[in-house]
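For clarity, chains are labelled A, B, C and D in written order, and residue numbers in each chain start from 1.
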Amino acid sequence: MERVIVIGGGIAGMKTALDLNRRGIGVTIIEKENRLGGKVLGWHRLFPTFTPANEVVDTLKAEVASSEIDVRLGTCATALTEHSVTLSDGTVLDCDAVVLCSGFTLFDARIKEEYGYGIYDNVITSADLEEMFNQGRVGLKNGGRPRRIAFLHCVGSRDEKVCQRHCSKVCCVTGVKQAIEMKKLFPEADVFNFYMDIRMFGPGYEELYREAQQSYNIHFIRGRISEASPTIEGRLQIKAEDTLTGRPLKISVDMLVLLIGMRSNDDNASLAESAGLQLAQSGFMAPRDLFLSNVRSNRDGIFYAGTVTAPKSIGEVLNEGAAVADAVTEYLS
Amino acid sequence: MTMNFFAPFCIPFMVGAVVMAVALVVKYARWIYELPRADKKLMLHGIFTRRSLEAIWEVFRESLLHRRIFKVNPLLGYMHMSLAFGWFLLILTGWIEVVAYLGFTYVPLQGHVFFKYFATGLEEHKPVFNFLMDFFLLMVLSGVFLAWCKRLYSKAMGMRRTTRHVLGDRIALSALWFVFPLRLAAESLTCAIYGGGGFLTGSIGSWLSAHVGGAVLEALYEPSWWLYSISLGVFFVALPFSRYMHIFTEIPLIFLRRYGLHPREKESSFDNFEIQACSRCGICIDPCQLQSVLGINDVQSVYFLRDRRYKMLTLSVANDCLMCGRCETKCPVGINLNSLRQNSRDTMRNIPDESRYGYLASVDRSEGEGRVGYFAGCMTLLTPRTLSAMERIFEAAGEDVWWADRNGGVCCGRPLKLSGETDSAKKMMRYNKELFYKHNITTLVTSCPICLRVFKEEYALRGIEVLHHSEYILRLMRQGRLKVKADGGKFTYHDPCELGRGSGIYDEPRAVIEAVGELLEAEHSRENSFCCGASLANTVINDAQQLKIARSMAAEFAQTGADTVVTSCPLCKKTVTRGTTMPVKDLSEVVAEHLA
Amino acid sequence: MRRATWSEYQKDIADDKYYYARSCIRQNFFPGSERAFLNILSKDLGKDILDDPAHSSCTGIGYHSDIVPLETIMTVVARQFSLMNEAGYENFVTSCITSFGIYTEVLATWEEFPETEEKTRENLYKATGREFTKPKSLAHTSDIIFHFRDLIADKAVRRLVNRATGEPLKVVEHIGCHYAKIFPKSGIGGSEFPYVLAGMVDSWGGECVDYPERRHCCGFGFRNYLVQANRGYSIANSHKKLESMAPYHPDFIVANCPGCTMFLDKWQYTIAEMDGRTYGENGHGIPVLTYEEMAGLVLGYDPWELGMQMHQVDVEPLLDKMGVDYDPSAKYLGRNGKYIGKPEAAVVNGCSQDFIYDIKV
Amino acid sequence: MAAIEWGFSINRPRVIDVDRNNLRKSDEILLEMPELQSCIGCGACTASCTAGNLTNFNFRKVHTLVRRGEYQGAYEEMNKCMLCGKCRLLCPRGINTRGVVMLIKRKLGDF
């Protein structure tokens, strides 16, 4: 029986493995964490429908568990060719094809130190906020209810200063979704979203954006926050330009949420080198082309699915899982 | 024979009658006293002319017979006529009856009203009066019956909606409902005990005396007259403070109108006559698209007038009106609903500001040298096809044109006036007027009915003929300067409110369309045409509501079987386009496409 | 404040043998500070530092005011380096933040555009017959004090604490814009959370205040100040900072840029005269210190020796708080005991406006 | 006041200080017309504006400032509007722009 190794046990990896397995192909998933699920595990609800994230992950996990897929947790790939994958413990696994589903890394907001993440208590990231939602404890560090909340879009995206030129695509709608969730939790609070552009690319996203504005009275200010400083009341003063009026603006908020972007994994480069793969300028893996071979790498036998090639939404990632299974099957036959 | 014309039960009636009389006199005297000087002059000049005679004839027709309601809705007309004219005849015949029995002697008012009660001792009966009085009573009762039905089943009366009333109205209404049934009861009981009466009261009386014991009849007799008197008294007291004020107010209104009085740009005392002449019949509710399409049911003219009368008018009610004029054409009292709403808005919003629009002073972006001026209007600048079509038409006709605002001009002022900022609107009007004079034009053509209306009504342009482009195009065609060829196209036409009901221009655009193709009328056209919903007069409804109106009104066009909807207003064009998938064109475009 | 990232912004600072470049503003407005710096280095710390009389202004003010062209200033900078080479030193330290910015910028420009360095060598040679090599290290004088902050702490005779209460003094540290805002890597702690002054304050027992406008410019802004009509912009910046820090009741302000020290000090005087508004305790201004003065006080220098009588805002309230012994009568006596003149009473020093301007109510 | 002729004064900051601004009127306006919040700043209103063609009146900017609590001069600016209604025909978000003008004037004027 042919064997395909899927590197990464997030939703892309699981979907790929399931679709291959369904076609009678032996699959091994290699996941560096001690559980399957990837980044989506940390998410609470999904835009734009507020579907609980675990509905997606749990379904996939249950299907994987009830299948014959070989899952190796707590280990990662350090090198690969189309016929083998070397694990961190030195083991070499042989295979007939490899699908790289190793996803992305969340941007470390501490690098944008002007926003004070890790320095001021109530500066958090979008991922932290999802974690708070999951734990059911949303609020200020001191347990208080925020009266004013600011969201900052494009932290670690579209920013030459941190070498992240690309757009992370999903943060805009995440910001809108989280703003609505915060407004629902704290109806008395004013919510301000600071953005450079609002990119509502998917179905229902624009509608959600409009709903946020009109039904939830969320203020959208076009301007990037330049800095956050503490105030004597323990709030955060943030500065931005309200570019639509051409005036600088400052405002004190109780909570600043940084919508952190997706960046490429640090080990993409070494993996690429080991297998002779091409990297995009952004550091993500470069597929053979962006149209007919968008799940194939430049080397036969090595495939991509999910955010290893670029930021994507969950729906798109799952589509790629299905697409790559098709491409691998074609390759093996 | 001497008769005593007093009984204690008369007191409620007498008090009511006195209160009503005093209230009416005080009100009318004050309103007339407060009339603007110019209005007083008009009144004095008109009183001793045949206009007064015409007014009397109109009072008979409208206040008693309610001819206009008949025209709108015969059943409703009959209801009003039977109540008003029937009651009038009852009173008139009653007086004649008293004279017939007693000769010309002084009989106090209650003596006339309760004659049946006081006249039980009469030896001879005059059956003709018995018959007539019963007949008229029956007539009124039939009206009351219909009124009851209207309350309960307004649809049966051909009205989808009926007015929701304030407390005072409900009291007066209830009293009125009971006046005539109680009169019937009191008179029938009287007949049962004392005999007499006509086919109605007499017959019921005989039946009662045959079937009901004498003691019971005796016990009911006095209370029935008391109740009758009380219901009359209550009604009279309530009348000047309720909608029933219209019964009397319509009479002076008809006279004043005949003398040439009308509502002005600013609120004036004359408005009182119009406002209180409103019977709140609610005929204005059904034509209102805000009601029929959007279900908004507290802003229609009837509510507007009510709120204004009781000084509880809010901006949101005053502003929430398309001013399409559909209700105005239906109003049986002929109240100038739009003018009243307009001057209410003025009162609520007009803030004279001398410094406002100071920036207009040096603006002149016009071009061209012709004696014919073309004013596109702001909206036409957003429908450039109209603009280029006009250009081709002018060229084809060899007209030398002065383009007032092709490169951006100053608004005509009507939108601002519609919002109530009357004095500021005047500044724009003054600016444009001076611009027209400066360029020595003799004809002013506009393709925007909104502009057209204000040019005609407010600008008072001496030596400049103002034409809508439909009129102008038709004139060119009739003069032979513009040749068009018909190609069998099927068109339907939407009457813009400001052009049709607003300026009375219905035939010209139709004549133009018929010259190039076949015109298929929609179900609602001319005076009955719908508003597109985007009227500048309404600043309250939102975009979704505008769209809903547009869709509902445009649905009719598809049913005509036409290929193209034609209209002659840039705003209507934009709006109707949103409401239908059919192509929508301005009249000028259609003409330009068919130039020979 | 948790300065999580400052340690990522470190730079190499030489341990000894410095070639010293003076600051135009510092030597004019805070002459005692430069002397104190030289004394601390050479006497207290026993370091070799050369105060070369042959060096000149870097012409940075002229450069930022569009009066001195880039080529000229590069040549001036090259001459300073040449003098340093001639004196046998490799570590260039400059007293001025503007100069520090200029040297950093020029070195970076030469790095990125080598042809400009060639041109400069040519210009310098043509003008003076000199040649030069670039310094091994470039540091601001506050970097040097920061470098030796723990040594100084060891030798300290007093700490930055309130003698009466034992509480640490609340210090507003203000970093000159050209220290790290142009090249974040050139400053200790980077541009967002510079640690150069905060490190001194921490080591010497004080407590830094993090207030909303901490990062804001003092308002010097060269052309904003130099053109009288623009001074409204300049003072508005100091005003904004002072308004923002006032609620924290700082005991003093310390700055590493001579321009900032001067403007935060003198604009307090102007604001008080204009609006009657003061920001310190008891209707006084907030004393503004150079880091040399702060170090000098810690090391037990006499305040008048440090030139603190040259401040617009009186420093006595601070000296009292710190328990510094000083002779009030010696304040306006110069080095030879000669009277150097005394400023008029000022609102910023607690004198009422009515008194000064004889306002008849 | 000061007897010294300084030749300059302390410039007022241009910053929109949301903390210092009183947002009550702004909140009232948004409560009455929540759709105003859905403005995406495309500028179609201002581009088509009849008054904006003749003056520096910028409807988009004025209402945005009002939403931030900057009321100074907003009434006077809105008074430049002719209420002609072109902007309402163009607004991609379907905002009742004429209603907004009237509402802002009502809230910020004295009527």
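The working rule: a contact is a pair of C-beta atoms (placed from the backbone, for glycine too) under 8 Å apart; a residue touches a chain by one contact, two chains touch by 3 or more.
What you see is a predicted model; the values in this text were computed from it and never measured.
> Given the two chain pairs A-D and C-D, which is bridged by the higher number of C-beta pairs in contact?
A-D
> In whole angstrom, what separates the CA-based centres of chain B and chain C?
The computed centroid separation for chain B versus chain C comes out at 83 Å.
> Roughly how far is chain A from chain D, centre to centre by C-alpha average, rounded to an integer in Å?
38
> Go ahead and note the Å separation of the Cα centroids belonging to chain A and chain C.
Distance between chain centres: 46 Å.
> Residues touching two or more other chains, restricted to chain A: which are they?
Correct list: 237.
> For chain D, give me the residues that contact two or more of the other chains.
In chain D, 35 touch at least two other chains.
> Residues of chain C touching 2+ other chains?
Not one residue in chain C touches at least two other chains.
> Show me, using the given definition of touch, all chain pairs that touch one another.
A-C, A-D, B-D, C-D
> Which chain A residues qualify as touching chain C in the complex?
It is residues 110, 113-114, 118-119, 227, 229-232, 237 of chain A that touch chain C.
> Contact residues on chain A for chain D in the complex?
198, 210, 213-215, 217-220, 222, 237, 239, 242, 244-252
> Looking at the complex, which residues from chain D come into contact with chain A?
Spelled out, the residues of chain D in touch with chain A are 14-19, 30, 34-35, 37-38, 40-41, 60-61, 64-65, 67-68, 70, 93.
> Within their complex, state which residues of chain D touch chain C.
Contacts found on chain D: 1-4, 6-13.
> Once bound in the complex, which stretches of chain D touch chain B?
Of all residues in chain D, those touching chain B are 35, 48, 50, 53-55, 79-80, 82-86, 88-91, 94-96, 98-99, 102, 106, 109, 111.
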